[in-house]
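First chain written, first letter: the chains are A, B, C and D, and each begins at residue 1.
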């Protein structure tokens, strides 16, 4: 089968790879109909996150189940399904506490040996271990492009809004309007926020946030702190979601939050930062950090999509064939795209 | 001044009453611009809830502050304000826990000696004790009619949705589409419910719930249980809000809820009922009951109103002069109205 | 192998039964070292809960793993383990929410075809499906008799205290001092309750609750309501745990609870009851009901046992050989025992 | 009256000051029987926290009410009372949310003009504004020395344990064994922690933590991380309470916490720190920071003291006359004391 593989920093290529086979109880094979390119794929492309040359990329996917091993009960061959970006066992200490993102046997699709040696989903087919945990049936009413968000980007937005304890009538600030930030904007509004400040410096992203109902704040020329204080009568935002992952973003998040408010750092942090602990302390903030617990949120994500309460499909800026992956990654690396969806062209092969 | 007074079961009359005077630190006087008639006023009218003849009725109000005593800091003379239906001291054991509805020194407007001997607000003016707790400034953008809901009916809807822990993507059933039920419908949707089943038998109320976005279920001819199971793939509603307060409503609520779901009985219960504890037990339900903690929710209510996230103004079916109170109560008692707003006609007096 | 079987109402007998065999991925076989007799076994014995004649009884057990099927990762042959009273799949909708007690594929040991056709554990060996969810390794320091409580009675006490949200400094009332009630007493004190009222009418149980640190209230001669008000300066108990399951117990629980307090009905309810909804409403109580979510609590139960924070071993009043099961059930039915532990005598067979 | 006043960095002196007088509704005057010296007093002494020369120090106190102004309802002249270290209005936006530590009109005793111009309590008498919020009656069974902890140090320990969501069976690490850390140790154990690691380098403090039931870890020679992993089977602590307030302490806290665990930074932070955000992120930690919400916890603190569940009185290492304040501060500044209690010697004056 055809698959998008990492070759070297800056180099991906579509290659012939062996068809996946069932290996253990709980496994399923999914014929992939659509797979997204995600910001974390870019970390691999750039070489910052290291994986083995030849490893298949991708972890966002929608497709149809073709085979299931023993012990799979929630999906059957023929089912149209979406996947979470990682697997979880369901029975380790963390899973029993519903902390699936910290599963002791977690494996992430398309992230090399270090994260479980699980080939990616930018391919014609994928092996899906622990399928009952990892896959969900897609409601008929839902397009592939919408469904693609449920197991990663949208569930991450849900996780952030939930970790931020956004409630009815709250004022929320979202920093960084990539796909996760824009999903967080939608989810915060769906959760009853009275206003969402959406902060970025890219006009097209700001414009999209406005369409979703946010108050866009352009870092080129506008002061988010001023807008936030103005909007809240001087109190500050009840919750701030940092979807950037940088020292500056965190500093801004801490400044925007009201006393006894919440900051959720959902953007990736990998190193030490200078943090204004004095401000965090005097404001009595709660700072929640880390990768999203998508398995805990994917069912809600599907409900929100199916009911039309949120609709991330405007985030899809590019639809390309799997064979065009090299070009797609180049576009994405130049930040000309929000979400690129790759589709295997089986009929042509 | 003129005030609507209870005279005897079935008899209210507008009479001349002494102007209210400041008595204690924390008091304010409010010139009333609008006061609503509420379902609980009907319990007084019917004689079920007993109050002293001559007592002024009413507990929903919007107006302007005319005087404040020492110790009032949140409002000043001239401020346009709305009121909560009861006072709370802010410093007793329950208030410290933010359980303002169980304040040890709570007084309810217009409910006679038993509930604190506090004259009602269906009058030209009202004495408001503990004004910092009880009053809130009304944002300029908000009409009197919308503001009128913040301190009672809408805050009750908020309390119910909050006690039911309604979350993103949940399915909610609301039983009884009086003003509280209809506000609960709006709030549940604002909180991200993917669907709200609105159950009643009055066509106009069902129609209004549909306009608000609910799935109306007419008890005359439709089976709410069937609709609920259909809608949830057989699982049942995540949360059920009983805004009726009757044995039958509670039975239905318990039947509609999914396993490990929640039932909030916000409708008034005053006596023993036969409850299907076996079903409650086997489903592992949580049943939350009681009057709303409106002071804890009034600020959120105002945010939701001011931002347009909810709009209860379609519930106002009648606008009448204070002097027409007897007729208004008659209309209300015949259940021809949802919300009647009484306005003192000072210019004419 | 030898197993305790239900034959007819009032009749149990120890019979020869086939050795259990592995059937599916995730299964384990456990050689039972100790199995308890539980109050719910009595419901079967009396005929109130109906199971098939010849079915093996029992659902509390400690033993050693002898075999595991594919897919079992948390335990290995040779491990000393304890079991939860039911299985859960870990991946259905309810399990993903950590509501394991409402698992769609739940099976209860020793409760006949209706609850999953899973033979009981009062036997020399037992088949344990979904072993990663159902079994836990027993710390070396823990005796069989203490470990026996972790997966049922103690986890139920933990569930009740947790559902009641018992906090530091709270006053708690526990109604009914069977094993679950006595465990709830211990757990409430371990959770920081400043006082636990333990209410029953059996002197030996009251005496045991006192040894555990509770304030015993004998229904023969003492008024629990008076004691409760006295103890709380008239406010009432923050949380009441009804470990009886009767209309009278529930009425008392509602009366003992303070305003805005919590009642947890952990005792079994199977039918309609007259409930004082008026009182529930005026007090704004939260009533939580249902069987315990033991899988969610079993790890904490083991920590509490291993650290000596709770010690239910004084509840074991009788130790008998498996062959003496008929006599053991007779003693238990006469309510002469709190907890009877049955031990297979393999050496003698 | 006699009062301990700040004169200049390093200089306190006992001087004659005017007797306090009632000024506003809600005020009370308390004749002080005992007042503690706290770590935050040391910040003033050193000049790091700046207050006006001549300002009276102190914010921990027990005494008797001598006068009350209008509007005070919870205490009366003659009552033996304890105080919280700050006042709160009970009715501002934050107070309504029970965030009393962020009250918009908060005043802190003995912290100069900047924090509300409220003279301190290391004096023969003190003015106590908002007495219903700030004062609590002391149960007869409680000594002055135990009561002294309720409104500051112990309530801070409670806040930390509560913010850390310490639950039954949890493993907790406490960094820094000053009075707050030692109270946190006691409270965590009272809340059902199965083990508390108490980390410091002062032998006497470590020894005291052991007496309270903790596992002491001496930074001189022992590796807290190793002890923590050993104790938790490699998982890490469920909750870590940083009662130090330094970059190193925070780094250690983040290292000790398990994945999806909690760090509570209750120690004072005033500046920027280098924080290992990468580790915080990969572990998905929640970091809660800030001064304690003592008014929300003082009632529980009193219950725990009165019931003997916690007893901080061993922390009192020195009892001195108010007139000896200069010497007391010198001892405290040399870190030779844990808690010094100053008592006015009225009879001698």
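Please note the rule applied: a contact is a pair of C-beta atoms (placed from the backbone, for glycine too) under 8 Å apart; a residue touches a chain by one contact, two chains touch by 3 or more.
Computed from a predicted model, the values in this text were never measured in an experiment.
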item	value
Minimal step count in the chain contact network, chain A to chain C	1
Those chains which touch chain C and also touch chain B	A, D
For chain A paired with chain D, centre-to-centre distance based on mean C-alpha positions, whole Å	42
Centroid distance [mean C-alpha coordinates] between chain D and chain B, Å	41
Junction residues of chain A, two or more chains touched	93, 97, 299
In the complex with chain A, residue positions of chain D that touch it	93-94, 97, 99, 101-102, 235, 245, 250, 259-260, 265, 268-278, 280-291, 293
Interface residues, chain B side, partner chain A - complex	158, 161-162, 167-170, 187, 190-192, 194-195, 299-304, 306-307, 309
Chain B partner contacts - residues on chain D that touch it in the complex	24-26, 70-71, 73-74, 89-93, 95-98, 105, 130, 132-133, 295-296, 299
